[in-house]
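Each of the next two complexes has chain A plus one more chain, namely chain B in the first and chain C in the second.
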Partner chain A sequence: MKKRDKLLVKICVGTSCFVQGGADLLLYNDFLNPELLDRFEFEGCSCLEACKAVNDADVESKPPFVMINGKLHGNMNSDKLNKLLSDEI
Partner chain B sequence: MNDIFIDVDYSQVYKHGQKIGGDVFLLSRNPDRNQIVAILSDGLGSGVKANVLASLTAHMAHNLSFSPMDLTHSAKIIMDTLPVCKERKISYSTFSIADIRYDNTAEKIIVNFLEYDNPPALFFQGPKNIPWTGETIDLQRKGAFKKELLHRQTFNLEIGDRLLMLSDGVTQSGLGLSMPLGWRIGGVNKFIERTLENNTEISSKSLTKAIVNKALNLDGFTSRDDITCSCIYVRKPRRTLIVTGPPFSKESDVILGEKIKAFNGKKIVSGGTTALIVSRLFDKKLKVDLTCWSSEVPPASNMEGITLVTEGMLTLSKVATHLEAKTPVYDLPNDPVKKFIEIIENSDQVHFIVGTKINEAHQDPNIPVEIGIRRTIIGRLRKALEDNYLKETSQEYL
Partner chain C sequence: MLDMNNQYTRIKSRVYTMVLKSFFNGTLEEDIDKIPFLIIPKDTDPIRCCIYKERAMIRYRIMAFMGVNIEKDDDEMKPLSEYYREIMHKSIPSAPVITTISTACSSCPHDQYLISDACRGCLARPCYVNCPKNAISFANGKAHINAELCIRCGKCMDVCPFHSVLHIPVPCEAACPVDAIKKNNKGVAIIDYTKCISCGKCTRSCPFGAIVERSGLFSALKLLQGKDKVVAMIAPAIDGQFPGNLGQIKQSLLQAGFDEVVEVSEGANITAIKEAAEVVERIEGGEDYMTTSCCPSYMELVNRHLPFLKEKRSTTLSPMGYIASMVKEKDPTCKTVFIGPCLAKRIEGVRLNTVDAVITFSELAALFMAKNIDVREVEASDMGDTTSFEDCREFAVSEGVAGCVVHRLQEGVTLRPMYINGLDAKTFRGMKIWPKRAPVANLVEVMVCEGGCINGPGTIVSPKLALKLRGGKATAPAKAVRS
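Right, the complex of A and B next:
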């Protein structure tokens, strides 16, 4: 598989996301299903601005944020990321 | 900020088996009066007694240098005051005093140099040794047990110049061992010339360390006297610029860009939004470096033209905490905080540009607080850098 065929996963490393769980997501090498690691390309990115529009009633609008193939996902954790990425392929 | 930096440092090992030295080096900077005084004193013998003599001498010389009194007269007072050794019936300690004064722009640096019975100080312009031409004064003190000759000289220091003061532990190293007559001043001189030729910009710390290590080596790694060497080195300051926080208005973004471009030295951008602004201004990609982070601070990013790009608040406050605690760099994990500290430890002057933009989301009550926090952290950083690391700092708001 060529590199550009891989879907891009951007993990936000902005301050808000990092302190609210983003730091754990950066250990994706350790917790992701090994097959997934080959299928996606991972990179860190600066604040996606999503943390400035948090809606208190909606947990999904809370940090940490991850962008998978251009789509924003909030309230991320390792299990959820595993699941979302598996669904993607 | 000054365009000249005077780097003064020293290295020392005590006589083998001694826990305290008979050589004392004393340095004080008095920026308010544009004066630096460096003193090297060697007390008779070694161990505690010698240390008392040398400390006493050094402190007296030090205090007298800050008085308007003439240095030669100060020297006389020192020698009259020293306690007399019971066994040898003499009071004796050698000393070298370098009293350095500069004007406000530090364009003219004048050294008043005085030496009594230490090995002759060495003066270098670049890697070249310049021989002394100073005057010799016979003190003719009453009650002196021997002829007392002071060497005195006044001269200018310019960029690239070095003045080295040594104790006789250096010149006599290797005596009767690897060298029948010891290393001697000529040997030391050659060694320094060679070192400077290989490394023209060597810091005072590294140069004096190299000399002391060499002397120790000649002594067969068992020093037979205290070995002390100090160096005064005039050079261009190494500078670091720290940019944090977005500027107050869009127009000032451009000014920020120009200031960063014009700055001559290392450049750190701290803060996600700020980094985005700079990346846009310079049209350079910002790439997060996932190899450099820790659980406490987010990863650094790479950008062409900027030495280090980090996250803002967490990183800055961690840096401040470590600078306040003087944590040694090698104790830190390999994260942006470590890189940050490494860069500023290797600079003489640190300039901060602090952005004051009130965020577009000004309905968010947290934002004004954030600016206050930024200001407090910068204050802590500057204080720690000045007090613990003797750096010059300055700051502007944009």
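Right, the complex of A and C next:
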């Protein structure tokens, strides 16, 4: 697969996300299934502005945020990322 | 210890940010009693019994954040706004730095070993054979542990081929290296402050968030509001805790209202120079070993539990001690705020009269969030000439302190260092016998947090990632870090 065929995973490293669990997602090399690593391209990105609209009744609206192929996902953790990425392929 | 980014730490950071936002708005006094309702709205799915208890817990977190000694000063009839007024108008003692929320404590059953259904009552019965107290008997083809006889040595668990022995610990008690946590007659955890060394391990181990640190942030906020110049003293461990480099962290602090930022590593350079001279002098004078003195929790350990080490520990001040006097010497009217990963530093801060407030990285993170400062986006500020002390940023990592001392020895002198990398009950027992069996070393570096300060209770990112973000130039081998 050529590099540009890979789907893009943006891990938000804005301060809100980073300090509320986003930092740990940067260890994706360690926790993702190895086969997923080849299929996606990862990058840290600036604040996605989603942290400005947290709704306390909805956990999914809370940091840390990750954008997978243009779609925003909140309340991210390593297990969830593994699952979402596996669903994507 | 719990994984750092669990539900509880997220709630905490939510509480902190919300309180601070309203503080900077100037509306905290009106808002503060509403915050528990805003964070736990009506339609929330409660984790505990009901939303009312959840809200009560938020109330306690707000109190701890303001620095209230909950154990001592909890008054359920008193509105938060009144606590807030009090906090803003008088200064409260910072010790003890750790307090318990008794209603949050789930009164975990005593530490115990149990035989599960997986037991097959095998022929070899290694559990029975290896139990030093004859606490194991057999009934209905399965092993059974007599709790009265069991001394919780764990031997049966180690030898069972079916992994059928369960160990159910009390997380706070297990985390405490010095046995300072006990239960009262209702089974609620209480801290014995005569034993506590303020290491903060319990605050990070309770899955119910029932043991909390009393934040020092409000003391710092009061200083920032005052007219005096406020100097932020950033601990060596800060590198890797925020998304950005040191220059950007400095700039963010300036934007947050600090007037000047200094690196504690500059003080660490003096600590290392003096310890290098002191250790040589001591060895020449016939002493067998000297320990470092920069870890404040270790200093408490010596004061409270290992008095024989009083004459073995270096008399040098900690990096915080030196940098704070340097800052105050330059400008005696300014106020100093130490920003680090450590709770015990607040105890040390009280002892020194040069440190005006101590806050943690997670509190600073809340401050940045409340002020909408995005560390990664700000223009890096110049750190000045750091060449003389740059290597002392390694004070934050196990083996880094001894490394810096060794680099500052006169030529021709060699030392044999030894490292206490993290204190737990077992290491503590080992240290107790040092008067009889001295460590085979002449410089003993002691860090109560495993891996060093980068694993302190006030940190934000896991030590593994922190090391990576620090550029991997750590002198500590990977083993120093829990993965």
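Convention: the second predicted complex is superposed on the first by the 89 of 89 C-alpha atoms of A that agree within 3 Å, B and C clash if a C-alpha of one lies under 4 Å from a C-alpha of the other, contacts with A are read in each partner's own complex, and residues count from 1 in each chain.
Throughout what follows, contacts are C-beta pairs under 8 Å (C-beta built on N, C-alpha and C of every residue); 3 or more make two chains touch, one makes a residue touch a chain.
Please read these numbers as outputs of a predicted model, since none were measured by experiment.
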Fit-or-clash call for chain B and chain C when the two complexes are aligned on chain A: clash
Partner chain in contact with A:74 - chain B first, chain C second, else both or neither: neither
Per-residue touch tally on chain A - higher for chain B or for chain C: C
Touching partner for A:43 - first (chain B), second (chain C), both, neither: first
First, second, both or neither for A:56, with chain B first and chain C second: second
Partner chain in contact with A:20 - chain B first, chain C second, else both or neither: second
Touching both chain C and chain B, counted on chain A across the two superposed complexes: 13-15, 18-19, 23, 26, 44, 46-47
Residues of chain A that touch chain B when the two form their complex: 13-15, 18-19, 22-23, 26, 42-47, 52
Partner chain C, residues of chain A touching it in the complex: 13-16, 18-21, 23-24, 26-27, 30, 44, 46-47, 54, 56-57, 62, 77
Sites on chain B touched by chain A in the complex: 272-273, 275-276, 286-290, 293, 295, 298-299, 301, 311-314, 361, 364
Touching residues on chain C, where the partner in the complex is chain A: 4-5, 9-10, 13-14, 38-41, 43-44, 242-243, 362, 365, 368-369, 373-377, 460-462, 464-465, 468, 483
